[in-house]
Structure formats: structure tokens, C-alpha cells
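One chain, chain A, links the two complexes that follow: it is found with chain B in the first and with chain C in the second.
Our next item is the complex of A and B:
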């Protein structure tokens, strides 16, 4: 069997997804046998960023115009394009920047902004169509394999669509939101982590981002009833989800209330 | 002749080296760190103290534990809170496990292929299967320690101001200690392998800077010491270190006031803390005739020595845990706090101003690569000058190898 051509592209992020991918814990031989790493900067010198690619993985938030341009070219050259990690999937941590006026935030970091060319941070799918989302920060291992095997076998990838709550129930965790009064984001957060934070005795902070069509405003109301301040609720919904519709709705509700 | 090395692979983040040679002489050389800024210090303002560790973890995919620990220690200093001895021990275990992961990845995946004249670790198979298998065994063990305490190896979740949210059982920590002890031979093999790599000669009279401790290989805090006599406390950092913007780079550059460039990282730690290494690591290092030095390429070897040390110290610390007093309550108060730790790639500084409700009003972060920036540029200049007659391909590879030897994190440096 011919190996499939794989490209891995990094935009604005911690490069943790590349690092994670470079060390695919339990399946190194299988991955190496199935894919030709045409371009992955963290692993290889002299890679060629030109397509065609059977699969392109894109990590990082889009924060500079050249990235959007390059991304569009990669999309055109790739049969399947997956966003990997919360930065690429939902904007992630870098999208917090958009919660305040751009100049104000940038001025706090640089005195001279003449050589800084940042644009408003967005997820990858603000610019190109995405074939699948490998969610999480860091991404879920299972979802990474799912993306790779779906391309290998030519089927549609199957990613979890339910909330972290379901994972807690499956694990038999006591609910930290109800029993311990912790402001847990689990009810609106996409599964994939295995309910990690509630299992570690703390509230979920939504590093996997919102579950599709999650009811953010309802959870924000619950937080308010628990006595959590307006600003604290807004911070909960903007740590990882500042660039998402689901969490923006919650923030708007809190402002209007 | 102009050379633009704009594809520096096998490092974390984006950079390029631009140089110009005229009449057989190096005219100009710039390290252009074009990694896009994410403005962490900008958007941390307005966030609450308890979100900060989870946010700053995302500065770096390789050293999240360092950013979390440094931020937590800085905020604890601002609140006037002193963590328990147990908490300090666990923080050191986590830091050592991450130093192991980072060094192992750097040595085997990033640095090694150059010495075999290969482009990537993938090309090392099947010929170097033994080395790859050893790497996977060691890396697995290091990762499992981070996730044993942190919940996961990347961006752990249990670390908070005050201590930890949950700890593993005694049975689990004993099992982990045993696993680490069983890897001592593999760690020694790694050192042997690193000692056999032929590095170009390159002198570097930089000031090596690292945290040091009394009778301890310092990681989370200590005295800021240097090979040229610096000996100051953590909170005195801003009076001695100056951070400046560089017109051609998104990363800022840090120097020692009135003195100039510095080098931080494993080699600096070995140069300043060799006597505090555990006896086995010290002996293994002496057996191969290494006690530190100035050549930045020796950083690879220094990392290998630290691998031997860290596996052992981690096991010792694990054996000594009581697993009690892992969290204590604290009072949020208005204040200013800073802290330093030894991240895998060197000294890392975090500074926060916090208002009375725990909201960040100012943040400053200086990473190891910002500390090394100027020295790396100076070393590159020296390397090119001394090898100016070499063919272009060879010169380019040498420059890349030198950049990689510093084990830079450009994502961190810009943040």
C-alpha cells in the first residue's frame, strides 16, 4: 500500500499538538507504516510544504494575515483537513485577546507596534472548511487516532458529540457542580478528556471548548444562582471559548441580565 | 553572499537566521524570531489569579509545568503564602519529570538526527531502532510521572495556588519509583550516546546563569548565580536583568545590566551546580570527563547528565512522600509577586501585580530563550566567522545545529 501524504502545519500556539503528534504514544510503528510525513517542522528538516496532501493537520489560532492566506492554499491541496487542538478548533487561549480592544492588549506587551501585524484571533474554520475537529488542549489521543484511521479507511470520522457530564456519569464521579458547588463547565463542554478535572477534584474549565449547540446561557444562570459574580461568570466562558457562538451567547446573557 | 535559513526545523516555534558574507567576512547576522505573538502579558490583565496557571500552561507545549509552577509560586509570594514541604517536593517531582520529557525529546528527536546526517527521527529507523526503543521507554516513564500527579502529561490540571487538588495513592507512587529505578541503565546509555556525538569546537565566554541551592540541585527557586559572580535573591531579578524589544524579532531580548549576554539552561546548571548532582550522575559525568564548559554544543551533554540525575532524584523524592498536607488555604490580598524556576531550557521568570479581589493588573514573563537570545546570536556569529570557508550547505547545517543545541523554545520566547 502506498503511504498517505501527511502535512502538519503550525500557526499561533504552544506547538503542543505537534509535540503530542511527534510522540504518538502507543502507535508509533503503525503511524510510521501508514503515513509519509511530507511536512512537519517539529520532526523534520527539509520538509516541503507543497501538496497534494491526503491529510493535513492544522494546529494553532489564526492571528496573522499570512496564516490565513497559507491556510487557504493548504486547504486547496488537501483531501482532508483536520483542525487539531483547541487553538485551531475554537480559537483557544489566544482568543482571550479579543475580549478587550486590540490596541490596549498589544500596547501592554510592546512599546513599538510598528512591526507587529496581528489580526483578530480566529479558529481555522473561520477561513476554510474543516473535515473534522480533533478537540482538546492537549487533544484527545483517541480522537487523533480516529482522524488518522478514518482517512486510512476512507470513512467518516466519529468524534464524541456529548458533554463532559456524560463522561463523569460513566466514570461514576460525584457531581462537583451539584455536590460541591464548584462552578463546573462540564455541562456545556465537549467530551474527550475522560472527565479529567472533576476526577481530579476540581471544576472543568472547558479546555475542550463548547459542545455543539450547548446551552451556555442556562449554565450561566445556574452560576449566577450559586452566587458567582458577573465578571467571574464571563471569565469562565471566555477562557477557552471567547471565539465561540455557544459561549458568546452566555456572555451576552450575563451582560443583559 | 546572503544566506537566509528560514526553515529551522526540530525546535519549538518559528525563527530564521539571516546572514550576509562579504569579501570572506561576516558582515551581518540576525536571529529573527518570527513566531507570532499571542499577547499573554496583555490578556492576563483582567483575569483572575486562579485561572492564571491554566492559561500560562498554554505558553508552551513542552514545559507547561514550569510556567504553571512559576506563576503559582509568584502568586503565592504576592499573597504571602508558604506552601508545605510536601507540596514543594511534589512540585519538584513534576518539574523533574518535565525536564526529563523535554531533554529526552530534544536529545533524541531534535538533536540526534544531525549527528547521523539525517533529516528526521523517522529516517533513523530501522538502523537506530535500539536508540528509538530506549527513547520510547524513557519518555513513557517520564510522561507517566507527570500524569500520575497532574492528571495528564501535557497541560496538567492538579496544580493550583496552595498546592494540589488531588494526589495519587502510596501504592502508585511506590510503583512509579520502582519503574524509574529500573531505567537507570537506559539513562546511563543515553549519557554514553551523547558523549560520543562529535560537536564542532566553539568557544563562548558568556556569563552562565542558573538558580543554585544549598546541597540541592535547584529547580523551583533558589539563588540567582552566575559564573561571573552574580549572587542575588529571586526578587532582586528586575534590578539586574533588562528586557528590551528588538526591531527584527517578535521575541524580546534580555541581558544582564552593564554586562551583556548570558546563557541559561542545562549547561549553565551543570556549570554552577555540578557539585549538587547526585553521586551517581556526578560519577557518570566524571567518568566521561565532563564537568561543564563553555562550548554551547555541550548543552546536549549537560542535558544527558541531567537525565541520569533527574530519574534518580525523582525516585528518591517519590519514596519520601507522605502524601499528606498537599493543600492549604490562603488569603487573597492585594500585592506584587515574582518567582523564578529552572525550566528545562533554563531560567524562567514570572511577575504579577494583583488587586484585592485577585484580579491581575500587570504581568511580565521572561523565558529561557529570551535570556539566551543575545548569546545565541553571538555564538552564531562566532561559528560563522570560524567556518566561513565551509560550503554553504555545511555552514547552514552547522548554524541549525547550534540553534538546536541551545534547545530554544521560540513559542515561549514570544508568548
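Our next item is the complex of A and C:
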């Protein structure tokens, strides 16, 4: 079987997804056997970012205009394009700056703004069509294999779209939100992590971002009733999902109060 | 194990100490499962090493024993390989002998409800194997939780089901009133104790009556089927869905009678084997009613309504209520949605 051509592209992020993909997960040898790594900065400086690609994995938020341009070219050259990691899927940590005016953010970091060309941070799917989302920070292992095997076998990938609570209950964890009164973001967060934090008696902090149609305002109301301060609630909803409609609604509701 | 045959009822009073010792003696053939203290004021059903670990005074648990040890969260069904042609490798049902002790009446009724699904017209081999090898020892309730409403739906606080379980215990201070309900239990149970006479049975009836009066949550169940059908568009659905419901599926996961499952395939990274497994599904998941070309329950309100009406409104499915009144969905809902409150809101506008 001919190896499929794979490109891994990085925009504004910590490059943790490339690291995870190249070194950490369980099936690195199998992935190397099935894919030809045409371009991945984590492994080699020599690769050329020129297509065509059978599969393109994109990590990182789009925060500069050139990134959007390059992304569009990559989309044109790739059969399948997956957003990988919270930054590419929902905006992630770089999207925290979406909560303040762009100039204000730039001024806070840089003295001389003449060479800064940043734009409002957006997820990858704000610019191009995406074939699937490998969520998480770091990305969910199961979702990564699902995306890769779906490309190898030519079927539609199946990613979970339910809340972390389902995974948490399947594991038999006692609910930390109700039993321990911790501000857990599990009920509005997309599953995939295997309820990692609640299994360790810690509140979920929504690194996978909101699930589809999540009811952010209702959970924000619950946090308020639990006595969590206004600022803390806003931080909880803007840590990863500041650029998502579901969480922005919750933040807006808190602001209006 | 099934309640088809009727047995002469054996009623004896056994001291608690002797009973627990008898449970320990079962350990050589059976896995002993019972309520264990966890943390805070919570208990969980878990395998115990000795009867000393049992916490029989527990009020309720988050997950019901039926959905932990009979209908399991994850079940591997078969594996198949694709090397030119497809070869199927079935996974035989594993059934260890187990005894579940201290199951409250609501949870026993919930297991009987699961039986209707998995041992009905189509028998599920995995569930059937486990059910056959499980001894259920029920324990009548001694206190009423804040969210219990089993008395309203006839599932508690004392168990009245004809069969389908093995023993029934009632707390008599230092003794248990033990009622034996199956032949297997009759053969296993060797303790003599003293026979229970008319006085003890009257005392049991009095205890039940006293318990009935303690319920803080009640619901009028007459004609609910029709009331729900007529109020599909009632504003309470939309209002609750908007203000409270997170569609997080906690209610479904903790419900002892929710039986919906999903079949999933997991492919190995070398593309050689695929494992098909079954896991709990939830009607609050947006993909639950997704079919080719659309989604029956796109709106959150529709999904919430599905859960509530399946618990309280669709008695034509199995002839009993889908709820056993354990109140877990109320306790473990992050925003405290209460299906009895929703029902009362709808009943307000109905002529009694």
C-alpha cells in the first residue's frame, strides 16, 4: 500500500499537538507505517509545505492575516483537513485576547507596535471547511486515531459530541459538582478526555471546549448560586472557549447582571 | 431466578450478626457486592472483601446496582478482522456468580424493568448470563431521602414485587426479618433463627405505614399518559430547557431504568481488527435522534421532554412507569431540574 501524504501545520499555539503526534501517543510506529510525513516542523526543517496532501492536520489559532492566507492554500491542496487541539478547534488559550480590544492587547505586550500585525483570534473553521475536529489540550488519543483510520479506510469519522458527564458517569465517579460543590465545567464541555480531572477529584476546566448546543448561561447561573465570584465565572468560560458562541453567551449574561 | 415459579414463603427473624456471618460464608462461591461508605454522606455499590465493610444504613447511591453489575456501562460484544474476508470472533458472555446485598426496593423494581427490555421478546445473552448468576438480596428502606417519591409510583418504600429477586430483608432493630423468595436462596440459606409470626408481620406493616407518611415529594400519577400527550407544546418544556437544562445527560446516566445503548466500532491503528462494543447512550445527547437526513430532536426542549415523558408518561411500553421514584435524576442534576415539579406545572392547567 502506498503511504498517504500527511502534512502537519502549526499556527499560534504551543506546538504541543505536534509533539503529542510525533512522540507521545501509543501507536507512533503504526502511524509511521501508514503515513508519509511530508511536512511536520516538529520532526524536520527540511519538509516542503507543498501539496497535494491526503491528510492535513492543523494546530493553532489563526491570529495573523498571513496564517489565514496560507491555511486557504493548504485547504486547496488537501483531500482531508482536520483541526487538531483546542486552539485550532475552538480558539483555545490564544483566544483569551478576544475578550479585549486588539490594540489594548497589543499595547499590553509590545512597546513598539509598528511591526505587529495581529488580528482577532479565530478557530480554523472560521476560514476554511474542516472535515473533523480532534479536540483537546492535549488532543484526545481516541479521536486522533479515529481521524487517521477514517482517512485510511475512507469512511466518515465519528467524534463524540456529548458532555464530559457521560464519560464521568460511565467511569463511576462521584459527581464533584454536586457532591463536593466544585465549579465543574463538565456539563457543558465536549467529551473525549475520559473525564480525566473529575476522576482525580478535580473540577473540569473545559479544555475540550463547549459541546454543540451547550447551555453556558444556565451553568453560569448555577456557579453564581454556588457563590463563585463574577470574575471567576468569566475566567472559567473564557479560558479556552472565549471565541465560541456557547461560552460567549454565558459571559455576556454574567456581564449583564 | 425468574419469578415464574412461586415458592412457599419463608419468613424468619435472624440476628444481624448471624446474617452478616452467613454473607461471609457465601464468599467462597460468590462475589459479594454491597453498599460501601465512600466519602461525605455518600455510598457506592462495590465489591466488598467482608461483610464488615457493608454500610447497610445508606440512604441512596449515585449509580444503581442494576446498571453497574447487570447491565454494564461497557460491554465488548465481538471483534472482527478484515483480511480479504471478514472473520468474526464473538466474545462469550462472562458471568461470575455474584450476590448483591442491600438493594433498595426502587432498585429491585428497576432491575425488573431492565428485565423487560433485555429478557423480553429478544434476549440479550450478556445480560441474561449475568442475571442468572446473580443473587439479589433486597433491603426495605428505613429512611426517606429528600428526593424520593417511590410511594407515589408504587415502587417503594417496601418491596411488593412478586418475584425476580431472592431475598427481602426488613430492619427490626437488632434483627432482620428475612423473607426468602427463590429456590436458590432457599437452598443456600441455612440459618434457623426464629419463625416470624403474626405479630412481626403486623409490626412490618406498621413500619411501612410510618414510612409512607414521611415522603416530602409526591406526585399524582392518574392519567399522566394522556396529560403528557396533550401537552407536548406546553411552555414549561421550553422554559426549563432554556433556563436550566444543560443537556449534560446526568439524569440519564444515574437513572436505574434508562436502558438505551449505543453500538460503537473501534478500529485498531494497524487496521486489522475492529471491536464492537455496547455502551450507555443518552437521549440528551444531540446525536441520539440523528438519522440520515435529519435529527428528530434538534431542540433541547424536545430532548428534555423525551426523558420526562419516558419516565412518567409512556406506560403503554411495558405496562408500568419508567420511573421507580428513586429521585436520582433530581439529586444529581447540576441545575436541580425536578421532573415532579414539571409534571405539577403541567397538571395545574388540567381539569382534575
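The rule is short, and it goes like this: the second predicted complex is superposed on the first by the 254 of 257 C-alpha atoms of A that agree within 3 Å, B and C clash if a C-alpha of one lies under 4 Å from a C-alpha of the other, contacts with A are read in each partner's own complex, and residues count from 1 in each chain.
What we mean here is this: a contact is a pair of C-beta atoms (placed from the backbone, for glycine too) under 8 Å apart; a residue touches a chain by one contact, two chains touch by 3 or more.
Small disclaimer: the values here were computed from a predicted structure and weren't measured.
In the model built by aligning both structures on chain A, chain B fits alongside chain C without clashing. Once the two complexes are overlaid on the shared chain, A:27 sits against chain C while remaining clear of chain B. With both structures placed on the common chain, the touch criterion links A:14 to chain B but leaves chain C unconnected.
Once the two complexes are laid over each other on the shared chain, residue contacts for A:77 go to neither chain B nor chain C. Of the two partner chains placed around the shared chain by superposition, chain B is the only one that A:202 touches, whereas chain C remains out of contact. When the shared chain is aligned, chain C comes close enough to touch A:175, but chain B does not.
After overlaying the two complexes on the shared chain, residue contacts for A:148 are found with chain C alone; chain B is out of touch. Once both structures are fitted on chain A, no C-alpha atom of chain B lies closer than 15 Å to one of chain C. Residue ranges of chain A in contact with chain B, taken from their complex: 10-20, 22-23, 25, 28, 32, 37, 41-47, 61, 63-64, 67, 92-94, 96-97, 99-100, 104-112, 115-116, 118, 137-138, 193, 196-197, 199-202, 205, 207, 232, 235, 239. The residues of chain A lying in touch with chain C in their complex are 27, 30-31, 33-34, 142, 145, 148-149, 152-153, 158, 161-163, 165-166, 169-172, 174-175, 177-180, 186-188, 211-215, 218-219, 221-222. Within the complex, the chain C residues that touch chain A are 38-40, 42, 44, 62-63, 68, 73-74, 242-250, 253-254, 264, 266-267, 269-271, 279-280, 282, 284-287, 300, 331-332, 334-335.
Of all the residues in chain B, the ones that touch chain A in their complex are 7, 9-14, 36-39, 41-43, 45-48, 51, 54-55, 58-62, 64, 105, 109, 113, 119-122, 125, 136, 139-140, 143, 151-152, 154-155, 157-158, 160, 165-166, 245, 247-248, 250, 400, 411.
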